[in-house]
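The following pair of complexes shares a single chain, chain A, combined with chain B in the former and chain C in the latter.
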Partner chain A sequence: MQSEQSHSKAGILFTSPYLIHLVVFFLYPVGFSLYLVFHRWDLMTDPEYVGLRNFTYLMSDHLFWQALTNTLYFLVIHIPLQIIVALALAIVLAKPLKGRVFFRATFFLPVVISGAAVTILWQRLYSTEVGLINYVLSLVGIDAVPWLTDPGIAMPAIAIMATWKNLGLYVVFFLAGILAIPQTVYEAAKMEGASSWHEFRYITLPLLKPTMFLVVVMSTLGGFNLFIEPYVMTGGGPLGSTMSVVLYMYKQAFSFQHMGYAATLGFALALIIMVCVFIQKKYLDSERYY
Partner chain B sequence: MQGLELKNLEKHYSGNDQPTIRRFSAKFEPGEFVVLVGPSGCGKSTLLRMIAGLVPVSNGAINLDGKDITNVESNLRNISMVFQNYALFPHMNVYENLAFGMRIRKEATQTIEKTVTEAAKILHLQDLLDKKPGALSGGQRQRVALGRAFVRKPKVILFDEPLSNLDARLRIEMRQEILKFHEQCGAISIYVTHDQHEAMTMADRMIILNQGVACQTGTPEEVYNNPVDQFVAGFVGSIPMNFIHGRGILNEGRSFFQVGSYKIDLSHIGKDYQLDWSKNSGGLTLGVRPEDIYLDEHYSHAVAPSPKMAAQVKMVEYLGDSTIVHLEGDIGSFKSRFNKDLRVRKSQKLDFVFDLKKLHLFTEEGNKLPC
Partner chain C sequence: MSVRRLILYVMLTAGAVSFIYPFLWMGSISLRPMTEFQDLGLFSKNFTLANYQAVFDRIPIGRAFMNSCLIAGTVTCSVIFFSSLVGYSLAKLKFKGQGAIMAIVMISMMIPGQLTLIPLYQLIVYFGWADSYLGLIVPSLMSGMGILIFRQTFMTIPYELMEAARMEGAGEFQILRKIFWPLAKPAIVTIGILTFMGSWNEVLWPMIVVHEKAMMTLPQMVVLFTKGGESGGQFGVEMAANMMLVVPIIISYSFFQKYFVEALASSGIKG
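This part shows the complex of A and B:
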């Protein structure tokens, strides 16, 4: 009996760091946010119960809908761009090329650089006055493009930057997926007369479906959490064209002290993400072969 | 010439001092089942891949039915290959796996259906056509791999250790299936294995490969009974040949093999060795197969029994159909295969004889002396 008791004590002790972390940094904030959803709170006065008013406001808040549309627009550019470029790079880097270890490391580098630093770097690159990109364009006779100040271009510009930043991670995922496919499967296909395109279309792509699902889900999660890039580069402008849901939530919370409404936005976003991932799982998830 | 001819094939990999394949030449007749056998890393899979066109040839030529195919793309060589891990397309069902090549080559749907149905019938895959490889057993996957080779109606089928992933019992079953399949195809089959037992039981002809060089080519009987050197002698045989190291001596004009206190008159082995052993170091190796060792009381079974020798039993392996006895005596350690009815105990002392007509003699370099 005694040993059983000391066993359970030891168990609790060993799991306590995680349990404390879970309670303090996850369960409590989630619980408190849920409480805030039904309250109005400005950080100064006591929270005031408002029932479902935060939700009804959310439904009619055109700024929220604009932020959601912006975020979806970002995702529509970001996810396909991310997949195409990462997959192409992974295919090249899977080949026995000279210096591939160097390139693998180089493409991964932006992932480990701080988001704020990358954003400032790209702000300079996009600059109309001193930006490298516009300078290169000017060399071929193209007028300076107002990357971050034109409402039609700002979000794609941010999407390109975000893709560059996260690319390395997805290249690694795809690379792992490609390298897991046995070489003999390609050799068998080659002996049947498959061209490089056939190999890609009928072998690599279908066998990468599980990786593709992972990349799509992770890009979706990351994309919906778009914050640091518009926050640093554009502040949500021009004309609200880069205002993302998370940035809007942040502004509601810390610029306008609408903590209850910000919490409501957070829950709404979580719900939207769940629905998206569920749909992706239904259509993209498949058996794992290796 | 009809058939496949390999002329002085060589493969050099950059970074390797020694070529992986050295001046390999061989001819394969239509309908022949040839087994390439050798230890791991001897270059047999590389050679197969060179024939398949998956590995470029450094030197030499490959001719198929008189046509040089050395630099022809692998899919245009009319050669199929069955891989060790089957290399089936895991996301396609059996039908799609069999039809893959024909679909790539844009053959008519009716032709594809007819060919796949025929292959499925021959290989008993009819009920599995809509199953994916993951749902099949090892033997079934192997049959799908055979089917994929069959539907191409190739002139040459290459087998790269196709049974090594199967358990012992299934391996024996599949050997028969592969041989039956080979007869139905009528193609040249080149079969790579490191399992000499598989090689002996399946081959019309076997080629023993060591360090990229073909050591010996011949029927299993030829290779077993007349190995050209010590490597082949030691490699072929499910229980390897025993090698007893001793010296050659000349005594009153006659040659003897001496080990410990025993002297074996070499004139009994078959050839009169009037050699002056003192010219070299005199080191010799006597090769004797485990089944050519007899207990003293059974010596009458030996055509030409050697002098009686003594040894002690170190271990007994009862195999059911025979008994393997590990012995140690003045001549060193060796194994013998005895009748299943023999009852011996560990540490028991035995007298035994060799059958002198079945001994093999090798120089210190491993070359065989004529017997």
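This part shows the complex of A and C:
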């Protein structure tokens, strides 16, 4: 074996660029964010210590709570929609169908495309008078939907677009999960006279729990990261109905120069995300750890 | 049974059309005169490149394209190089502080980026890196996910190969370069695709640190173009700009479809 010493030398040499980068661009910003949340700062003058005032303002800031509620509204639509459609497609594509590689590749296409590009395209598709989506709906007799101009519909519209954008990725996750289930389990169930619904309900679904966890966590993170979608499509409107927390943070920081408060928003959002993921882990991920 | 199968195919095809048609329509609209913006079909007698000409006339989109290539390219090379160094150290070397480094990689990945966004911006301003390549590139030079993928891949490579090379007097870096990199090609491709795509598609960070047109990235410039009024609200011109953002990715995707799917699938399992 090589001596411990030469291992140490190589180890230190190989990891030090990463560690230096980590200290400057991760640990320092984390520390600085803890400083900022207790200060008021407009970038021009010196930061002013304000104690807990950023937090008390946050608690009573109805725009923050609205942004948070908007995000929850997004997640409540996006997550179930995503799971149902992706799971259904994965079950179909797990069968030995002709052309399944083509279908998989097609559903995956928007995954690789920039969210900005998808949003710019969908803004046109959602156009009330001349949009493709309302045209297709009119073919089946549905009246024009004011997708991006009705406060009650704008957020669901963004959730539908996000589902379209990410669907292919989750189909691939579910597909991998389904194909990993040993065929013998299904054969045993058939011997017992299980119907296909029973097979799905008592074999496929429980065994897909780790995949389900992954999909829920990733969709949740996506929801809390919403930024360019409302920025391009609605600017957070109508009536603040699509304002996301990140967009609100961006506006506080760069439209109003409220750096301390923006950092507080980032701090609160990070905390909320970690609590959400922790809760999801506790309830969904009982047996496996990624 | 065959009726069921037919219904399945009809539904799958309808689904596939709803994924492809919007892109085709975007391409078609980008090639048609302004007067046809209401047409939802794909064909026209009046195809023209005028919209593309208008984009090039109004914004420095070629420059933005080069900026995006430069930034994503640099970030990708750096992430592959440095992540493989750290991944190798964690997987194959034994030294003090190794456990601590592993722990800090995990922690850095668990903490949401929103926490550091504002302080990181201030750091960039403090360094004088706003409106510069440094501000766009340096914060993303390293990746915890890259480290984890390399570590996992390198752990499966047997020690015997290393011992043989060491007998011949090879140093650790030579072992990494001559033995580990060639054996870890799939991991390199995966990290390369994930990093390049992530960097290419990123808009929030460029929108924060860059305000000068000459330094903007492609997605940022296209967003500004459609939002900021320079497109004049003309569908065709907007879609032409958007096409320039989408087409390079669609072309690479159609050639390396399998690698894209594998890379993104593994991102979920590791992240």
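Just so it is clear, the second predicted complex is superposed on the first by the 274 of 290 C-alpha atoms of A that agree within 3 Å, B and C clash if a C-alpha of one lies under 4 Å from a C-alpha of the other, contacts with A are read in each partner's own complex, and residues count from 1 in each chain.
Following the convention adopted for this analysis, contacts are C-beta pairs under 8 Å (C-beta built on N, C-alpha and C of every residue); 3 or more make two chains touch, one makes a residue touch a chain.
Bear in mind that the values here come from a model prediction, so they are computed numbers and not experimental data.
Enquirer: Between chain B and chain C, positioned on chain A by superposition, is the outcome a clash or a fit?
Expert: fit
Enquirer: Who does A:59 touch here: chain B (first), chain C (second), both, or neither?
Expert: neither
Enquirer: Between chain B and chain C, whom does A:92 touch in the aligned arrangement: first, second, both, or neither?
Expert: After superposition on chain A, A:92 lies in contact with chain C alone.
Enquirer: Let me test your reading of the model: by the given contact rule, A:139 touches which partner, first (chain B), second (chain C), both or neither?
Expert: After superposition on chain A, A:139 lies in contact with neither partner.
Enquirer: To make sure I follow: the centres are taken over C-alpha atoms, the vertex is chain A, the ends are chain B and chain C. What is that angle to the nearest 10 degrees?
Expert: Between chain B and chain C, as viewed from chain A: 80 degrees.
Enquirer: Going by the contact rule set out at the top, does A:189 touch chain B (first), chain C (second), both, or neither?
Expert: The first partner, chain B, only.
Enquirer: In the overlay, work out which of chain B or chain C sits against more residues of chain A.
Expert: Comparing chain B with chain C, the partner touching more chain A residues is C.
Enquirer: Touching A:232 in the superposition: chain B (first), chain C (second), both, neither?
Expert: After superposition on chain A, A:232 lies in contact with chain C alone.
Enquirer: Looking at the overlay, does A:44 come into contact with chain B only (first), chain C only (second), both, or neither?
Expert: neither
Enquirer: After the two structures are laid over each other on chain A, how near do the C-alpha atoms of chain B and chain C get, in Å?
Expert: Least C-alpha distance: 14 Å.
Enquirer: Identify the overlap between the chain B-contacting and the chain C-contacting residues of chain A.
Expert: 290
Enquirer: Of all residues in chain C, which touch chain A in the complex?
Expert: The contact residues of chain C facing chain A are 8-9, 12, 15-16, 18-23, 25-26, 29, 37-38, 40, 82-83, 85-86, 88-89, 93-98, 101, 104, 108, 110-112, 114-123, 125, 138-139, 141-142, 147, 166, 171-173, 197, 200-201, 203-204, 207-208, 219-220, 222-223, 226-227, 235, 238-239, 242, 245-246, 249-250, 253, 257, 260-261, 264-265, 268-271.
Enquirer: Any idea which chain A residues touch chain B in the complex?
Expert: Touching chain B from chain A are residues 182, 184-185, 187-194, 198, 202-203, 206-207, 209, 287, 289-290.
Enquirer: Going by the contact rule set out above, which residues of chain B touch chain A in the complex?
Expert: Residue positions touching the partner: 52-54, 74-76, 79-81, 83-85, 87-91, 100-101, 104-105, 132, 134, 148, 152.
Enquirer: Considering the complex alone, what residue numbers of chain A touch chain C?
Expert: Touching chain C: residues 2, 4, 6-8, 10-12, 14-15, 17-19, 21-22, 24-26, 28-30, 32-33, 36, 43, 89, 92, 97, 99, 102-117, 120-125, 130, 132, 135, 164, 169, 172-173, 176, 214, 218, 221, 224-225, 227-228, 231-232, 245-246, 249-250, 253-254, 259, 262-263, 266-267, 269-270, 273-274, 290 of chain A.
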